[in-house]
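You will see two complexes here that share chain A, one where it goes with chain B and one where it goes with chain C.
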Partner chain A sequence: MKNKVNGISRGRADRVFDWLDYALLTLAFLLVAYPLYFVVIASVSDPVAVYEGRVILYPIRPTLEGYARIFSYESLFTGYRNTLIYTMVGTAINVVMTVTAGYALSRKELVGRNVMMMGVMFTMIFSGGMIPNYLLVRDLNLYNTMWALILPGAVSTWNLIVCRTFFQQTIPDELKEAAELDGCGDASFFLRIVLPVSSAIIAVMVLFYAVSHWNSYYNALLYLTSTSKYPLQLVLRNILIVNTLDDMVNDVATQAAQQRMGDLIKYGMIIVSSLPLLILYPFLQKYFVQGVMIGAIKG
Partner chain B sequence: MSEGKKNLGAVGVEIRDLVKTFPAYGQKNGEVFAANHVSLSVEPGEMVTLLGPSGCGKTTLLRMVAGFLMPSSGEIRIGDREVTRIPPNKRNVGMMFQSYALFPHMTVYDNVAYGLKLKHMGKPEIRDRVRAILQLMQIEEYASRFPNEISGGQQQRVALARAVVTEPSVLLFDEPLSNLDAKLREYMREELRKIQKRVGITSLYVTHDQSDAMAISDKVIFMRSGTIEQTGTAMEIYARPRNQFVAGFIGKANFVRPDAVHSVSGGQAEITLLGRRMTIGASEECGSEKSCVVMIRPEDVKISAEGAFRARILSKAYFGQYIRHSLEIGGCEIEQMDFTQSNAALQEGDEITVSFVTDSLRLLPGEDKMEI
Partner chain C sequence: MELSSSVLRAKKRQYRRKMVRQHWPLYLFLLPTILYFLLFRFYPMYGLQLAFKNYRILNGISGSPWIGMENFRRFFSTADFGKLMRNTLGVSVLTLVFTFPLPILLALLLNQLPSLKYKKLVQTTVYAPHFISTVVLVGMIFLFTSPSSGIINRIAESLGGKPVHYMAEPGWFIPLYVISEVWQSTGWGSILYLAALSGISPELHEAALVDGANKFQRVLHIDIPGILPTIVIMLILNAGKIMNVGFEKAYLMQTSLNIGASEIIATYVYKRGVLKSQIGLATAVGLFDSVVNMILVVSVNWISRRVTDSSLF
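Now for the complex of A and B:
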């Protein structure tokens, strides 16, 4: 640790504070990072060693048996494909609708924007609930279609507020007026000026929505009946259930082995389902932080 | 008059009886006048400044000329065309904004070319015009840079280039120097003035900074509470302000209540000030029955052994170009600026004598709310 900052010596109290700072931050880092690390080493360790609690710092008797079992299910690849489609189509629709609505609601000249905003906010606080939503999806003939997972949540109120706030803060009236003097209309201003300078919020929206689509399984559970349309999370859940159900029909020794294999599969599944996002996250992290801060500054 | 008049293509601006009201918050059916029956004219090629304190309506007036705000009533003419209800892009005006409003994702070249592209001009013509204007503004070497890669002064030149490249009839300036530091501000206002004269474009400039107004304008229009308080050259307004408010806003001034006003006529007043009878200039609105004050500019207080008024130095401050003394004269505190610095040896508490340049003193209608 530096004893001088900008050439100025640090006092004893400052140094103690620095050490405490580092100690607390290291502890916080370990609390967050170790569970993730444990999942990785547990997914490639001998299930018996994991079960006995001997896997702490590194894998014991490394094995890829869990992954082999997971990838032996063909439905896994269907799930991956479905999730990719739902995530890409859903995110595209989400971002287009949220960004256009957020921009419109950010403009002072939009007549009745406060009333509209109140209407939008109302839906954030009060919702119809699961059964009315289910009935609505069914009556709209969206049941057991991909659109049941995409259209009901096409615009997230929270993301809309974040978007609107971003536009209010970053697109000054003067920019619009300057473009207007040059003969730029509303649509042209939005497409040629606003969108290019709003890459940060678009990235934030893509990240928020894509993560939400990738992880979502509850709507699929409610609205999808055909297994060929299941997203990855639902497929993984089914794989886990299948491995647990097998326990009931086997003898005790086999049951114990099944149980340990179930644990191995569980750890493997966490990696399989979150690896794509974990790989992408470091590249998108700055946008994620930015998005959270936009919401935090002004509602 | 200005060299701008040499531009034969320049047109004038005329504003007739313009009114703009906004609803008053907290008052049912209440209205606030941002512009209250304002009439003014800007001659072709002239640089006119709208000067006044915050909230006086000068920016509202400018935005109405640009077409961003619709007046409640009245008429705006650019040249021989009435433009009151015409959208901004059809008025053929250019505008330089306080924040410059440059498009951050476009290069300097693209920022300047944007308006020409929207006019569907051919590429070679756009290139020639943009190059010419960048050369005029001395920023051609920054053509491929983005706005965040150039300095504030350079950004300002880009904003000006973008405003004039479409060859507007009128150029509007909305406090374009307010984001610059003092030194750059001084330099840029000289540059702005030079370029405006070179292009010869009719210009309307809004500022609350009296130095900007005095340095660059052919004519200054002083506004207050939505109305025009006084119109004239910077020198006229400085030397012969209409009232105490204008005098206090433009430059520094001491205001002293006269002991007596004996007569006011023909722009002259016979008064007794600090026990001495004298004749000074007077505002036409000054009647003997009205509450009046005498304006004494700090540079018009002279320290001299033959001075008629006894004074005591309360404080002294050195500003490089001048020394400022705060003096107590006959119970009044009066500021004095000594540009000759011939009395540098004087100290706080010293007893001295001073005289006033009586030709420069002026009797003005007083302000109830202003401190005397």
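Now for the complex of A and C:
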């Protein structure tokens, strides 16, 4: 009798639920995975077959011509190199500033801590916006330099709060008191005791910041004018969206063939530019998820 | 009384000074970040006065002449105003309506999935689009929807439909914006709810099992109430973004033909301020946007504190 509630047996209701659960999640899986898979197969298929809509489940008349053209395109390498530099320098600055400040803000001994936190929180709900920031970057002579991509976003408010929450939860006051009795000052406590047990949060910060540097184009669009300084995403924008492919397809005879070759190159470009993250991400997934979860706990 | 309170205050000040002296490395840690916030977060707020000024480069921000509400009057009186508000609200409200509930549903389904292996596979896949850049995402939209070669039109044609030039149709801008947003953000958005779900005590489910509750009933009466505080917090955070449609994606998705639907406040500010150097007008529009946003966040927060007892601040 226990299994009968409202006249429906629990076993049957649960089976229906499980069936629905599998069906809906499989649908979600396919809806997300297929576009990604399609980009992969389209990037190695004969562009005529893609154009005719015959590439659906697997590559047709496989070719690497798209990739060959991509790898002989110099701007892509410049963009890649620039992005690597911006990402490494930017992330280093981001992480050092965020972790040290997040730690300091987590300490009860800090006089003025509440005022500072209120100031930080305020920037989450109100900001000067695009134009005042744009003028500031120009007035500081950062315009058209790599620093315009790094300094305006040196600390993310959200990440700062995540860091502070992490330290509040993982470093007990007793540990600090015990270290103080042993004559350990704030700086050496941070370096010798806090940092070694905080590798998780540092990994999370590195990943969050690095991904956002890798993928951002906003600051570059606003502040860079020399194409030689363009990061990968701006190079991509010119190809994928503004559609400037000239150098890469000039040798192709007809305009229609040029457009098809252009599409092949675009599919390949998407793979080449997203690959580093998409390959690394499954291995680092646990850190990313951890980061989101720390942020979820109200600081 | 007077005396003792002033003595107390002096003592407090003394204590504070001692704390600062004793813990000076903490202030050293904070120094770069404080300077950063003052320069790059608060100083631009000072620059907002340009909304009430006629900006001249040579005079700088403080030296430019005041013109009162002139910039606002110009913005509110143009035909742009109504169109921008409609577009911005249209994109954001529809984005919120679709991107808000789906991660909750996804998390509930993932949480109840019997097979852990399959759960992992689905999770790894649906999180992946989060790592794709906006440029690549919009590039994919252009490729997939191309009237001559895009797969969507090819499939539609094989089913007897006619090719549509999606990126040239103003009517398709919002649907494409919302669909791609759902595709990219639903998986990642579910992480928070999954975390909240894992915090629900298993005893509740065990007790419900003893009472004969099936999975539908347990989801409805245990899982959903259990993550309600998280849902409310997320709703507040999202409501604050209503006027704040991201510049990045809308700008990339703009074509000369869909501009009637795709020009939103953020792209308008960029074009007026950065491309056309109408600094005063653009700043005024940006300020208007920020203020409406702030009012939205604060009021949603107030309402939710009244109604549900959970709030952000």
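Everything that follows uses one rule, which is that the second predicted complex is superposed on the first by the 262 of 299 C-alpha atoms of A that agree within 3 Å, B and C clash if a C-alpha of one lies under 4 Å from a C-alpha of the other, contacts with A are read in each partner's own complex, and residues count from 1 in each chain.
Operating definition for what follows: contacts are C-beta pairs under 8 Å (C-beta built on N, C-alpha and C of every residue); 3 or more make two chains touch, one makes a residue touch a chain.
Just so it is clear, the model here is predicted, and its values are computed rather than measured.
When the two complexes are overlaid on their common chain A, residue A:I270 makes contact with chain C while staying clear of chain B. Of the two partner chains placed around the shared chain by superposition, chain C is the only one that A:F38 touches, whereas chain B remains out of contact. Once chain A of one complex is fitted onto chain A of the other, the partner contacts of A:L25 are limited to chain C, with no touch recorded for chain B.
By the touch criterion defined above, A:E174 lies against chain B but remains apart from chain C after alignment on the C-alpha atoms of chain A. Of the two partners chain B and chain C, more chain A residues are in touch with C.
Of the two partner chains, chain C is the only one touched by A:L240; chain B is not. In the superposition on chain A, no chain A position is in contact with chain B in one complex as well as with chain C in the other. By the touch criterion stated above, chain A contacts chain C in their complex at residues 2-5, 8, 10, 13-14, 17-18, 21-22, 24-25, 28-29, 31-33, 35-36, 38-39, 42, 50-53, 55-56, 97-98, 100-101, 103-105, 107, 109-111, 116, 119-121, 123, 125-136, 139, 151-152, 154-155, 160, 185-187, 190, 211, 214-218, 222, 233, 236-237, 240-241, 259-260, 263, 266-267, 269-270, 273-274, 277-278, 281-282, 285, 288-289, 292-293, 296, 298. Those residues of chain C whose C-beta lies close enough to touch chain A in the complex are 16, 19-20, 22-30, 32-34, 36-37, 39-48, 50, 60-61, 106, 109-110, 112-114, 118, 121-129, 131-136, 138-140, 142-144, 146, 148-149, 151, 154-155, 157-158, 183, 186-188, 191-192, 195-196, 210-217, 219, 230, 233, 240, 247-248, 252, 266, 269-270, 273-274, 279, 282-283, 286-287, 289-290, 293-294, 297-298, 313. Contacts from chain A toward chain B in the complex involve residues 172, 174-175, 177-184, 188, 193, 196-197. Residues 66, 68, 87-89, 93-95, 97-99, 101-105, 114-115, 118-119, 162, 166 of chain B touch chain A in their complex.
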